[in-house]
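Per-chain numbering from 1; labels A, B, C and D assigned in written order.
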């Protein structure tokens, strides 16, 4: 393993030091680790996300006007800790409350849950909303549920715009639920990534094998499949995405009145002919941009055949698993409100338009 | 080798088909292959670049308002042909003439030269200006001269803004020369890339080896060195960049009056304490974004010690060599004019701000 | 035999050493069915605990455990951070102000700790998690309340080892490994393993 | 013996087959000191030439060569595209309207071709390029103007082979290989090799 790092223990710290120097609009705190906007405006709901490092540019690269107010990076592929989230939220809160956007992993949920409880104890209005869009995970009863992957990027964009528009915490939480129920992703790895501290690839694939339904942490996928060519692979991915079995799961939401978690049942929405989507073709790490376009070409053809309209596309490196070779496809079903929020100006290191 | 492609012969075509569907603002022609803006405005000088494919997002990703008017993609790592450049220029020209921005490789020079001659024969005012910024190549007398690498991205941005500002072809050509004499880059590979048609990596490195002074075509570098850690590597790169031996070379420029090539001598400018620069930390392919920040952190420290001010930075994937693992550092010395052109709005698939 | 405050301090130090020593082993287990960081996580957390221990040298057992839990909470992250943290913070509740513990009190402390893990993580026995190991330990201790400390702890260690091993044929239903479905079968759970290590450090510090 | 138009057509067809056959070999040479595409480039270009030939069946030698040059220009790209294109387009100038060539005319054609390469590429003999091979060929042909076609072409082929091999110890001063400095020494130049193949196809079509 060769990586452009120094000591493995300092990777995240040094990356954050680089971010701090590179982007003066961001305030980077090292102990505990978090990133917040310097140009905090308010009062508005503060949108905060976080998760293990190694998914860059997510989340730190999405802090800025129109997107995240703060991000909490954990160690490589390891959820951040509640003290980071708590401090970050305290910095970002402008009195209208805090929404944590949490990718659905046991570690992330547990740590954010504790942060919610701590903030509540301080009298801050707070909610945690999950993204669990990875359709590779089939049931929620006998697993930790679907993983949160690249829909998170689109959610951060849309919800961030909503905070700028002055949506209340309740209204944004409702919108977050809608995004979660309408986003679906599938990932494929052609080769594994190498976690710096581990020093070796997390799995080995033969020259004709892919890990189908892979997440963003170097874990093996749901199934090892044979690689034929780009179009076949894309076709398999899209057909997995278009499978419309409703996905139902129990999520807990914080009750700010009673100070307790209440269970809620969420059900994914179907994706059908006539629907409009945003398509995100996401490089999982070391896939050349050219190959992403080969994927998009096929996705557009297949969705066209299904009568699904692509309203917007995003093709690039947004939600990675270090240097994993592979790609994920995200379809987010949108309505006019979501679309117009998506189109609103955004100014972050990794996503910018309209200003 | 696994790549998300179909038949190797169709890689560039299918990538362009993807681009065409993804970006309706671009007009993509397949035979011959070129990309031009649909929203052609004028009259203004048309800025066109091109080169082998495999460097995405360069150049096609930089076509749009404020940057390129057209791009000509060749086969993988192979310069495009004069008919592409000729047709592309005919499409993009609005009467004020055409500037070809050419990376300094024998193949690119020869093909663009012929296109210049063809356009001249059609009565179109035309110039070709080179970028040769790769300081790894030491002399120009016994080599094909310095290679053109990532400074090209900054040149496209600055010159593209100048075309929007109504600069004449002569004035832009002068500016192009200034950019060429002020940009310097150095690249390092931690592992090689694989050209689809070749099917295997273009070189093999041991776990403690890097190719120092590598270009963007998978060719070996100037020297094989030992990898210690990110900071040491960055330090070696920066000290190579700060070496101020003036670099002098003969370039030919097209004389639109006489219809002939005239030789000109260009000399690179020194980079000294008190100077201002734009820094580009460029992912050569499969380097995680996090590692680019580790590099930037050290670059900022080292330039600070030299009294060189970083006015702007660009940290990401801009000028690649397919899936090569590695990074290049570009320093472009700027004055107020260059800086204000750099800051002007740009709206392309891969670079966007101010609008 | 009685468990003193010093035993507890020794336990945490020993655990820190053990997690440093076994870091790669735990990470390798996590590479098979997780994300290859469990050893790193536990080692990072217990290194911090070790750093912190001198500052709580004068505290009672409950407060030492609570501080340990708070330290783990802000240093491990991942799933095992809040869960191990809950173990110590909840374990602390019944031993506040105490300077020593008998077998019953020790058992109560561990049982509370387990309840803390279950309340946060909602795992049941058989889900292929750290909970399996702790259940094995608590069940064994419950059966040996009339035995000597030595006998009870030795029996519990045997049980802990069996429980850890019992996760091998299980299909994971909680945590990251659950994504693998049937592919999680045949691998020993990393969290069940670190729980075993943690308990073995406790047993060793008391008995050695 | 005289070179007919049919020999020229056969030459181009044979060259196309040869470049297809030797594609990987040329690309491998280019991998050593270039960018691993020379075989791909030559094969792509001559496949197009082969496709184009039927449409110029009625043309004279000069126009066949000119069309070949134009076709290569728009299909090869890279350094070898314009250079091989110049070779054919400039070679065509002295054989326009001709249906057959004697040894002197053939030599003149090749010499013009070489001059076309040199004018575009500015390479000198010894720079480790295709120019080295063509220089060897032209020099040999010049010495054998009084010999039979057979003797002259055979001698030139021997010389072509030597010239191609002579690039091995050279340090490249032109093209991509020059970036390598001394590391370019010890490798046979891909362009010098494809020039050898191109000439051997010519010799074979005329003599076989």
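Rule of thumb we're sticking to: a residue touches a chain if its C-beta (ideal position, glycine included) is under 8 Å from a C-beta of that chain, and two chains touch if they have at least 3 such contacts.
All values reported here derive from a predicted model rather than from experimental measurement.
Spacing of chain A relative to chain C, judged by their CA centroids, is 31 angstrom.
Centre-to-centre, using mean CA coordinates, chain A is 56 Å away from chain D. Mean C-alpha position of chain C lies 75 Å from that of chain D. With chains as nodes and touching pairs as edges, the resulting graph is an open line.
Remark: the chains found to touch one another pair up as A-B, A-C, B-D.
Of all the residues in chain D, the ones that touch chain B in their complex are 27, 31, 33-37, 40-41, 44, 73-83, 120-121, 171-176, 178-181, 183.
Residues 1-7, 11-12, 14-19, 21-22, 53-54, 56-57, 61, 190-191, 205, 207-208, 210, 227, 229-231, 233-234, 285-297, 300, 313, 315-317, 320, 322-323, 325, 327, 349-350, 352-355 of chain B are the ones that touch chain A when the two sit in their complex.
Only residues 32, 52, 74-84, 105-107, 110-111, 113-114, 136-138, 142-144, 147, 195, 197-198, 202, 215, 217-220, 222 of chain A touch chain C when the two sit together in their complex.
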